[in-house]
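In the two assemblies presented below, chain A is common to both, partnered first by chain B and then by chain C.
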Partner chain A sequence: MRDIRKSLVDIVGERGVSDAQEELWFYSRDPGVLAPHRPDYVVAPKTTEEVQKIVRLANREKIPVVPMGNGMSLAGLVIPLKGGIVMDMKRMNKILEVNSMARYVVVEGGTSQGALKAYLQEHHPTLRHSIPDAPPATTIAANVSLHGQGRLTNQYGFNSDMVTGLEVVLPTGKICLVGSPSIGPYWISKGPTLPDLSGLFLGWLGCTGIITKVGLKLYPNKKIRDAELFVTDRVDLIPHILYKLTHLEMLEDINVWFQPKPLMFLGNFHITIFFTGDTEEEIEFKRKMIWDALQEYMDSKDGGFMAIQYMKSVLLEMPGRNIADFADVPKGGGFEYSGPIAPIEHFPQYAAKLVELAAKYNVLYASAARLISGGHCMMFSISFAFNRNDPAMMERVEKALDEAMAFALDMGGIPWKPNFKEQKMTLEKMEPNARNLLLMIKKNLDPQGIMNPGNWEVNS
Partner chain B sequence: MTYIRHIEHETIVHRCFRCGYCKYPSDYSDFNCPSYKAFGWDTFAPGGRMWLTRAWLAGEIETSARFAEIMFSCVACDNCKNQCVFPKFKDFLPDIFQETRAELVGEGRIPPGVRDYFKAIAVNGNPYKLPQNERGTWAAGTGLKPYNNHKYLFYAGCVGSYDEVGQRMAKSVGKMLVDTGLSVGILGSEETCDGNDVRVLGEMGLFTQLAQANVDAFKAKGVKEIITLDPHALNTFKKDYPGLGGIFQVRHYSEVLAELIQKKKIKLKAYPVKITYHDPCYLGRHQNIYQAPREILKAIPKAELVEMHRHGPNAFCCGGGGGNFFTDILGTAESSASRVRVREAAETGANILAVACPNCAKMLSDAVKMEHLEDCMEVLNLAEILERARK
Partner chain C sequence: MHQLKFDQKVCASCRSADCLLKCQYMTFSGHKEAHGEMMKIMKGRDSRVLTECMTCYACEEYCTRGNHPFYLISERREKKGMFTAPRPITNQWINMTQMQGKYLVGDVKDIALSCCYIPDLGALGTGEIFRDVASAGVFGAEFMCPAVHTHFARMSVIKERLPVVIENYRKLGVKEVICLHDECYGTLTSIASAYGMEVPFKPVYYLDYVLERMKELKEKIKPLNITVAYQRSCSNRLIPDKLPVVKKIFQLIGVKAPKRTYQDENALCCAEILRSISGYKLADDVVKRNIDDMLNVGAEYCVFNCPACQISLSEKVAKRGLKPVHIIDLCKMAIGEKERGTA
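Now for the complex of A and B:
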């Protein structure tokens, strides 16, 4: 084997490569419960051409390559399960173009959600993107490659639905443009009216190529954002309430959350309803529509709106800084969640299962479901916190999450950002011809099997 | 030899989620951690340090030159403490990093630049290896006299006493204090290093010696009130010296000048110029003094104060804190903090980059040259600017 380190240094320079114990230790793990696995090298390219050269080298030498954003999936998706090269993409963080009239932005893949938010606020204050509730360091490419969601997902679908074009380095080292940028200068469509090749990369968790540029839809940034919080203790009513709310067709985002701590939240289901407007009149009109839609539940004493002035700023914050707090409830620095995509009618069953699993495995739970595309489905988060200094608790959380995903699959749900075990469970359940199609795609795109191996591994 | 490692806050090291809020300003517009900005590896961010410290304490990684570089490249700017989203332990992040450095000092595994810094101070009393009897020469021509029952002691510190840029700042501040009729004296060759950066770098024994010597000297002279040139000295005088019996009224010179302007002891004429102000970490985030320097600049008729994108509690460090001013672990590459900062200053269109700390003055003056900005921007301390605007 050639001197791989020297070859990598030739490509990205000394400051772009590390095989020091410190980087190998750190980049071998993520904040979730899965066991670490050491890479052999960590590299941090600055350009698409550098990515291309690294991938060509890896392809030639049959070295695994794991592209990484901020590593915050919590599901071990950037743990190099078979060693090789972890490619930290965060130095590729340029915002390349904003087409304000066509409402899209083109960014390098390692651009962080926080940086894009700040850039738009300063330079294009009438535009926004769908900000996930993940920390601001999470990257645009990683988010779309795992079908992330954000604050505009109820209105416009998964964040990956908002992609308007991709630049991808294929496992063989070829650079490929996907969508409208493949035939012209505009990043206006990831697929339609062409065959939609973006599906070869979105949702593949870096197993079919490395996304180096992303075109992303932007949306009107209304002058006022507001929220209401509806509370009920009747879980059976949640699907009906959500159905009524989505019928309004005017809400920015809808989240349903419940948790046993602090105790003031125990036993209730909280529906946070976000809405926007350019005038106070528009806001008040929407508020009235929301209240009218849920009046019957107030009349029947099954629920009501909470006074939320004291927490409104926290609710409206993007991303929500308080979400990470859950990791410190057991004073231990960790939480992990499964997030199956499921029909909203199954909310009560998922809620019951979460509570059951928490009791069975003696772990602390929380849940926050987000509506997707106006209620066609929801992401139901099954979250468990753990103490990183308590391996037994981490093991219990891992088992609880495994069981949660088995339950979700039995319920007809599909996994969101599944870890390698959940991927296997999913593939086993998948209709054989669909599974073979995945195999065919993976084999053709990545003949050496170098891209994030251990993930979406399809056995014929 | 196997070392049993222990730091005071080791029971909370595992609570870091490594979410990364700590490396940003509050609007997430850029990375606000100088070492992460310079090196670009997650290991050089506060979350990386937390996780590596835990691994190191657990024996999962060994002490190495790289580990020491990661720990000593922290500039102690306190941005992480401000931005961390975990209120129950965020305040201890800088302590954890300092305690880890102290353990490395104990093991004798520190970067050569840090070793040389300690050695120079231990041998010479200053990091410049210059004679003690030259410590007060900067004051020539300022009118400042040796401290002798004056109301205030003006403490210049090592950078103000020996560095060319620092001396310029000490002279201008000292002269202005004298000109306003303030009763102020200096220790000159009797002054000793304040030890702030020695403490931050983890040499607690040397720090205690320095601090105790200062406390004893101040007390012997009857010092009650101190005006510091250097926010680093201000910080340790206020935070650490009381624990050693050194209870003094300590103010930064910017606070004193702002008060003198308010009392009309300094009268100003029109000075039409565009100024941007760089918040020093030890004045801003460490001591929460943001307004006094701005009051000074806003008091100048016709002068326009324009803020950099990152300012106040979100200011980006010049890279000179945590001893890096001397050890230079961050280096001078394009992504080094001082160069990033002067580019940000230049974006405001300001003609003057105002500074209030001698370390910042030096770091940013050098960076202006490296960025070839000399023709459009001057780095001046608050007193120099006031001097130009004085009637």
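Now for the complex of A and C:
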């Protein structure tokens, strides 16, 4: 093991490697409820060449490698389930290119959401990217590799749909360019019109390679952002309300949320509607379209718009900092969620299940659903708060989440960023030929099984 | 449960029907129709008023015989299970304002300075004007006037909670409560009286207190020499006798408030409740007429009495070039505690 450490130091230098217990402690866990597992080393490369050398070393020595962004998935996706090397990508944080006319950016694999946001605000204020509601230190590559969502997902799909090309270090150490950059200098398409190889890496949670560069679509950054907040106490109306809103085809983002605390939120379902414009006239036009679309619910007294002047600045934050506020209600600051992707017509059933599970396991719940691609589906978060210093409560949350995922799969939903247990449940549910195709891909790309082992493990 | 003191004979014999005829949001062909609708309401029958009333409170002022038509309309609506605003909004307000034991009580002796359940009032009740009472602040749902529920025709909530609020003050042993929220004073005088609730302390209207303090601080006053428009709040309709206090304060600090079309009895609501009840069309129209009127008289500032009106209208008046300011901050500007335009 001494030789492995020395080899890693030879690749990245002394400051880029650690096997100190206190650091391994941190890299052995994430903020969710899953049990920690200690890695043997943490290594932080600065270049693609260093990534290559580390992977080649790991491949030769059959050492697991877990690529890590900021480790904030909450689902234990970078807990090194089988030990080995955690590869912290955060030192690869350069913004390499912005093509403002073609509206795309190319960043290194450890670039954070916050860094890109700040860079665009300063240098390209008319452009923006789809910022997820995660801490700003989370990375772009990690987000697309787990099919993350963001503020523009209602308009343009999963954040991974916005990828315009990838540079990946394969488990063998070879570099592979995916999409248009494999043909020429422009990062304009991750796949079309070629065979779309990005699917070999996006959604694989680092099990098939390490993303070292990402091309990402950028979008117009309008001068004004605004929001409305519609509430109803009739869960059965939610799909219809969302259908009417998405029919407008002009909203930035739509989130549906409900939670029992604080009391003002009890019993209601809240739909936050975000919209943008370059002028006050455009904003007012859109606001009226939104109100007109939902007027019938006001007339029937089943729903109405909240006066939100006092909370608007909080609502308009990107990322939303209040997302995890409810984690502190039971004290101890923990929360984890399962986020199945489901048709919006199933919202009432998912909402009922969440409340049922919270009562069954005696835990505090919250939910925030986000519409995807104009309402083709939604991410429905089944969130539970817990006290990190209360193992019994954490165990109850873990059981509730397992049951939630079983429910989602029964309902025909698909898991988002599933933990290793949820992946197994999903694979068991999957049509056998699709499962075998996954197995073929994994075996061919990672014959030694060194990439983030324990995740997306398909048994033949 | 306390019952509304409504004298049917007074209403039946009314020759003006001003309560409805003067309404700015409903129209009636004349006394006969307006009086007829009020009679229906009184007898518990259906009336278009019960569906069309925008809850602006103004009929409480229009009825010069003190017979509380607005409270009666609200009572009848609730009895019939009607909702003014959407049901989830109504219930949200009921939930949001529940007493949960999370209140603040300062150094209260004989006098309490009520900040209702509005955090902004805490900052307003400071400085030289409130020097002697600032430390005696109380805040929280336990001390909140529940009058807001009249907007939602939930008088039962008021009848249930107001006695508790009064009792909470009584337990503090206070002789006087200075109400920083216009609506608190209206509640402790008009509503409490209409329902026969005894108030075992003296409610003090904050502008009366401010006026007296400004007289004491006269040496420090530098006339502002500005032109303003005053945004009257709905709750001010419960206490029309206090309207002149505003004018006295303006006079004292060198503020001109030229006569407007929509002022005093004809004042327009900030429109937030209209938006909540019926949508944006009427609300936008009211806001536009109101701000047009402010600009037409050359106002530079829009002066608020109620923090809720201020939250609702500040951005809208600012976008049209008016500076939004609470009347307390205007007084602070006059004695040099605040810079002009920064309130």
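In the analysis below, the second predicted complex is superposed on the first by the 458 of 460 C-alpha atoms of A that agree within 3 Å, B and C clash if a C-alpha of one lies under 4 Å from a C-alpha of the other, contacts with A are read in each partner's own complex, and residues count from 1 in each chain.
By definition in this document, a contact is a pair of C-beta atoms (placed from the backbone, for glycine too) under 8 Å apart; a residue touches a chain by one contact, two chains touch by 3 or more.
All values reported here derive from a predicted model rather than from experimental measurement.
Chain B and chain C, once both complexes are superposed via chain A, fit side by side. Of the two partner chains placed by superposition, only chain B is touched by A:117; chain C is not. Here chain B and chain C are compared by how many residues of chain A each touches, and B touches more.
In the superposed pair of complexes, A:298 makes contact with chain C only, with no contact to chain B. Legend: residue contacts after superposition of the two complexes on their common chain; A:283 is shown touching neither chain B nor chain C. By the touch criterion defined above, A:20 reaches chain B but does not reach chain C.
Using the contact criterion defined above for the overlaid structures, shared-chain residue A:332 touches chain B, although it does not reach chain C. Seen from the Cα centre of chain A, chain B and chain C lie 70° apart once the structures are superposed, a value rounded to the nearest 10. Applying the stated contact rule after C-alpha superposition, one finds that A:264 touches chain C and leaves chain B untouched. No C-alpha atom of chain B lies closer than 15 Å to one of chain C in the superposed arrangement.
Common to the chain B and chain C interfaces on chain A is no residue.
Against chain A, the residues of chain C that register as touching in their complex are 83, 85-89, 91-92, 95-96, 98, 100, 272, 275-276, 278-280, 311-312, 314-315, 319. Against chain A, the residues of chain B that register as touching in their complex are 14-21, 23-24, 27-30, 39-43, 48, 51-52, 55, 60-62, 64, 66-67, 70, 85-86, 88-89, 309, 333. Of all the residues in chain A, the ones that touch chain B in their complex are 15, 18, 20-23, 25-27, 31, 42, 44, 70-72, 88, 90-91, 112-115, 117-119, 121-122, 135-137, 321-322, 324-325, 327-328, 331-334, 387-389.
Chain A meets chain C in the complex at residues 231-233, 262-268, 280, 287-288, 291, 295, 297-298, 301-307, 309-310.
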